[in-house]
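Every chain is named by a letter (A, B, C and D) in the order it is written, and numbering of its residues begins at 1.
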């Protein structure tokens, strides 16, 4: 079984007898051209939960959503909404509402008509429709725009109309397919909050698809990370950050992305060699049972400090080659003379690791690291400096599979 | 993506299209005619005789008998196409057809037409031109009742030929007196003389005749071929005989004459010849007798009353020409559901009275010899002048005695098409007469082998 | 001009060049358009001339309009009936084409099915067959159902003739419509039919109009089938037109008058739908 | 609710439901609307196809219905050894290839003129698209009238220009060219419309990027635009090829295959064989050969035009 299932075992409150809001059971999806979009997806979403599907493009997150909506017919497995098997039902019969990336507003209908459409189809009487549309329009601040056609609206307004069309009836679930990706950054942040507030207010099960890990982290009660059609981990955002199931999740979550490099574990797991430096591992941080040899090490940029203190007691001498200021913090880029992580293990993870071969010789390979440091550090490009970190913040992954050996502390030991 | 959607956000008017459809549906033209009354469906050529039948005789027939005849006017090729299709399907949609006689063999042999022998009394048979009856029959059975005949006759500009100045100039140039030609040599000389001269402010040319690809050039050339004693086929139509000395001589004369036609003549069809005559741009013309009405129509002609008609010149002085015959007949489809009514109408169209009536109304030339002496016709004059309207009739009667039909066998229409190409190569100087005719021979023999 | 701002008192050379370029293009476009229009101008002009004028060797470019020819065309040979027959046949077959065409094209564009490409190609290949080759068998087919001589035989043949092109174009239009809009409608609870009528059709209307116009033009102008399949009462306008080409004289004035009458409705239709035609072809043919 | 959870276990109840009506309706309901139209197309095409295939193997002349003899490949053999057939192939290709390529070039050129708006462009465009809606029968008659050597306006113009009277339909060297020009007149507007539509579909940022890169307009056109509109070009060319191969009405109204044989196209020859000679079997064989030629040509041309796309 995959790593996430063991996580699931220790995640409290999932299978405690409540009716699941949405349940994927062994859902497979293979397209006519032979490409596999989903591999045996098992996922249970609680009633009223806000779940985000995240992953790089092509990971299957949209396909999963479309199967849930009934827009795509899974080649295997079942889908249930509120305990009702909907696998063979069309989208019309599922009682779900969806917000599309392109908003998919009906361009030939006014805002009012767009909002009223789902209700009209249900044959509601005029008065009811008017009341409902007015309510939603009021809620989303669309009242002044009701007579306009979508073509005459700004991007943000269109997004609201699309939301409104989903909200206007009381569906079993909201499905959102990258609904904010066409908005500019400021608007995105604003809408992010608005959607979250709406969810809190309405309490309807929501599945939200995005490729943006920030959106996933900020919005999801729980986040499902997908890659190549396989579920990597389904967990609360903080746990994804601290205890990723594998190197892919580790590198996908967090910005700037986690620094990764090849390292070697010495005998008895007490010593690790990274970039020619031997780092002693305290007993609590030893990958016990792991044989000596190559291992992947990950250090989040936030784990570095410019000064030594109780937490940060391991030093690394670096030469910054680029310093970016974020105001309060600096992003200090430097090359580490260590072999980078094979691309295959991190592929398409937002190019979290960009290996640059300094020369053809493997021994002289270097890998790029970023340290996020307090702006007071006063480092300069080209001037050697020392950064500090703690072994508590090291993450170790299996060299061959990328599976997590050691997550950052404090942590629950993973069963291997 | 929003850009993508934007392309769809403009006003639409599907309703317009729907309304248009609805409007058209209500304006649905009369379908499903009442079937109590017998209605005959007929196809005629949009020539004057077809127009006369449609506009005058058919309505009159309906008044007299209660039988309605729906006459559709369709071009020559279209009639042939239509008959081919209808007959292939044994379709009864049409009862009566107006046929070029050269189709009688193919449709007669194909068994698609009804015998009409019983329509004619002995008197009728004696009165109708013998040649016309012959070309309406196949294997001794009459399939097409003649409606009009018109042999080739030679047209000449009487006013031009009578002009003393022109006469004097001609004499000065050629040493001969200017008179309507009686021999091919004279005609050639006159055509050559007139070609390119100026008369009454416009350039005139030697002569005009059909010369276009298809049937046009073949029809003109046949009059030459027959005049020189040539024949297109051997007795049983099993071999083409276009390389005989007679055929070569005829074709040479014809090709020589072609040089004295107006520019563009190689595409001349019947209407172009008529136009040339109407506009007075040619001195002579080889044209169907009947077409003379067109030059006497003041609405479209500048030469009203100016044209006169003589027999086609003979090869040698004192000899006899053999003009090529044109004739249109009326046939009844074997698949007609109202065969008897159709035959009755056909017979009625060609009673003596109606033969004359058709001619007097401006239809085709009569098919009964006796009609040619009917005073209604012989005494008719052009409006506002003393010129006789049917002044051509004497010449037509003479021509009818020596006229010859097209090769009368089932493949005539295809044959015309096949020889037309090589003949045009000759007339355009692309091929020598001998080579062209040899090629025509080969092509015809190939056709026969199909 | 007014657009010159105070900051730029002199017209910039770039601006002047652009203006000259536009003027050159407009001039060239004018010449080209007039060249293409000239024969049609000549047709209309001839229709307005009387009698011998049509045969004049020195043509007059402007005439005092005389509508006699048009009147004659209508009174003499029932051309009005031929026009209404043409209208009925063309409109009916166009509507049929659109209905059948859309019902084929939509699934072809939207539903994944085996042999999709083969079906599409087979349909298109039907248009490649020369009409001449199928006249007799088609006639036999129509005869076996007793439709020869009926106006419906033409409706059927034109529908058959134009359906492949309709399917081809409509398939493009439907494929071009973002699926998400239809999916939104499904999710909103509408069935396929309701979505198709309420969402898909209105949104592909330009394409439908362009296609309808092409179908109409092809049906309206068709000659070969009309010539053979029509009976006396079901003559279409192009067939009626050839009646003026008699073996003796071609009545040019009347032909041109009748020709103008044949062209006019289609031209008006094409002009009215011009923007749809351009846009429609962008959406459909281009995809 | 133990029941509902039970159905969610792997491979449970719904699999057996996969044969049921609702599954059928969901699976095939979407393509069911195709049925009437497809049925219509099949019925209308299958009979003529089989009929003409069978007939092409027979020696059958309508004037002789009693003697319909089986001839095997007789008709095809006769055709392939007939010089007139090969002449018709040559004439047809000359007509089709020259006409369609010139229409494409002209259509594209005119579309470039109209690509950027200028005052009055809509009006001119309206004039320009007129020819394509004129019935071919009218086009044939009109061209005969205008090119008439005695009173045609074109003759008047050529004389005024000192070229003398030119017999456009009668001169063997000119006739086919004249027909091509007429076809160009009628169908360039169609090409123009599609090309204009295609040009309007070219994303502006690509043109702007090229401009920023310093490319001149001509360069931009040949390097980028031509490449981007390749697909619409191919579609337009395919449509025009198909229709140009079928050309008939205009020849019927004008040259009728002449002078000599310079405008005898394949479809004209089929007409000749079927409706002049009433040689139905021969005409059917002719039609099949023509169909093969057209399909092959259209496929080949499309391949050439879409070459890169195919190999990608």
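Keep this in mind: a residue touches a chain if its C-beta (ideal position, glycine included) is under 8 Å from a C-beta of that chain, and two chains touch if they have at least 3 such contacts.
What you see is a predicted model; the values in this text were computed from it and never measured.
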Comparison of C-D and A-C (more C-beta pairs in contact):
C-D
Would you mind checking which chain's C-alpha centre is most distant from the centre of chain A?
B
Distance between the CA centroids of chain A and chain C (whole Å) is 54
Distance between chain centroids, defined by C-alpha means - chain C, chain D (Å):
15
Report, in whole Å, the distance between the mean C-alpha point of chain A and the mean C-alpha point of chain B.
88
Calculate how many whole Å lie between the centre of chain A and the centre of chain D, each centre taken as the average of the chain's C-alpha atoms.
53
Where in chain A do residues touch at least two different other chains?
90, 101-102, 104-105, 107-108
Within chain B, the set of residues that touch 2 or more other chains is 1, 4-5, 8, 12, 81, 84, 88, 275, 279
In chain C, residues with contacts to at least two other chains:
55, 57, 135-136, 140, 178, 181, 202-203, 242, 245, 250
So in the complex, which bits of chain B are touching chain D?
77, 80-81, 84, 87-88, 105-107, 109-111, 212-214, 262-267, 272, 275-276, 279, 281, 410-411, 413-414, 417, 420-422, 424-425, 428, 430, 443, 446-447, 450
Chain A to chain C touching residues, read off their complex
32, 69-71, 90-92, 95-98, 100-102, 104-108, 117-118, 121-122, 165, 175
Contact residues on chain C for chain D in the complex?
22, 25-26, 28-30, 32-34, 36-37, 39-40, 42-43, 46, 54-59, 100-101, 103-104, 106-108, 110-111, 113, 123, 125-138, 140-141, 156, 159-160, 163-165, 167, 192, 217, 220-221, 223-224, 237-238, 241-242, 245, 250, 252, 255-256, 259, 262-263, 266-267, 269-271, 274, 277-279, 281-282, 285-287
Going by the contact rule at the top, pick out the chain C residues touching chain B in the complex.
51-52, 55, 57, 77, 81, 84-85, 87-88, 91-92, 94-95, 135-136, 139-140, 143, 148-151, 177-178, 181, 201-203, 205-206, 208-209, 212, 227-228, 231-235, 239, 242-250, 283
Contact footprint of chain C on chain D as seen in their complex:
29-31, 33-34, 36-38, 40-41, 43-45, 47-48, 51-52, 110, 113-114, 116, 118-122, 124-138, 141-146, 150-151, 153, 155-156, 185, 188-189, 193-194, 196-198, 200-201, 231-232, 235-236, 239, 242, 245-246, 248-249, 252, 266-267, 270-271, 274, 280, 283-284, 286-288, 290-291, 294-295, 298
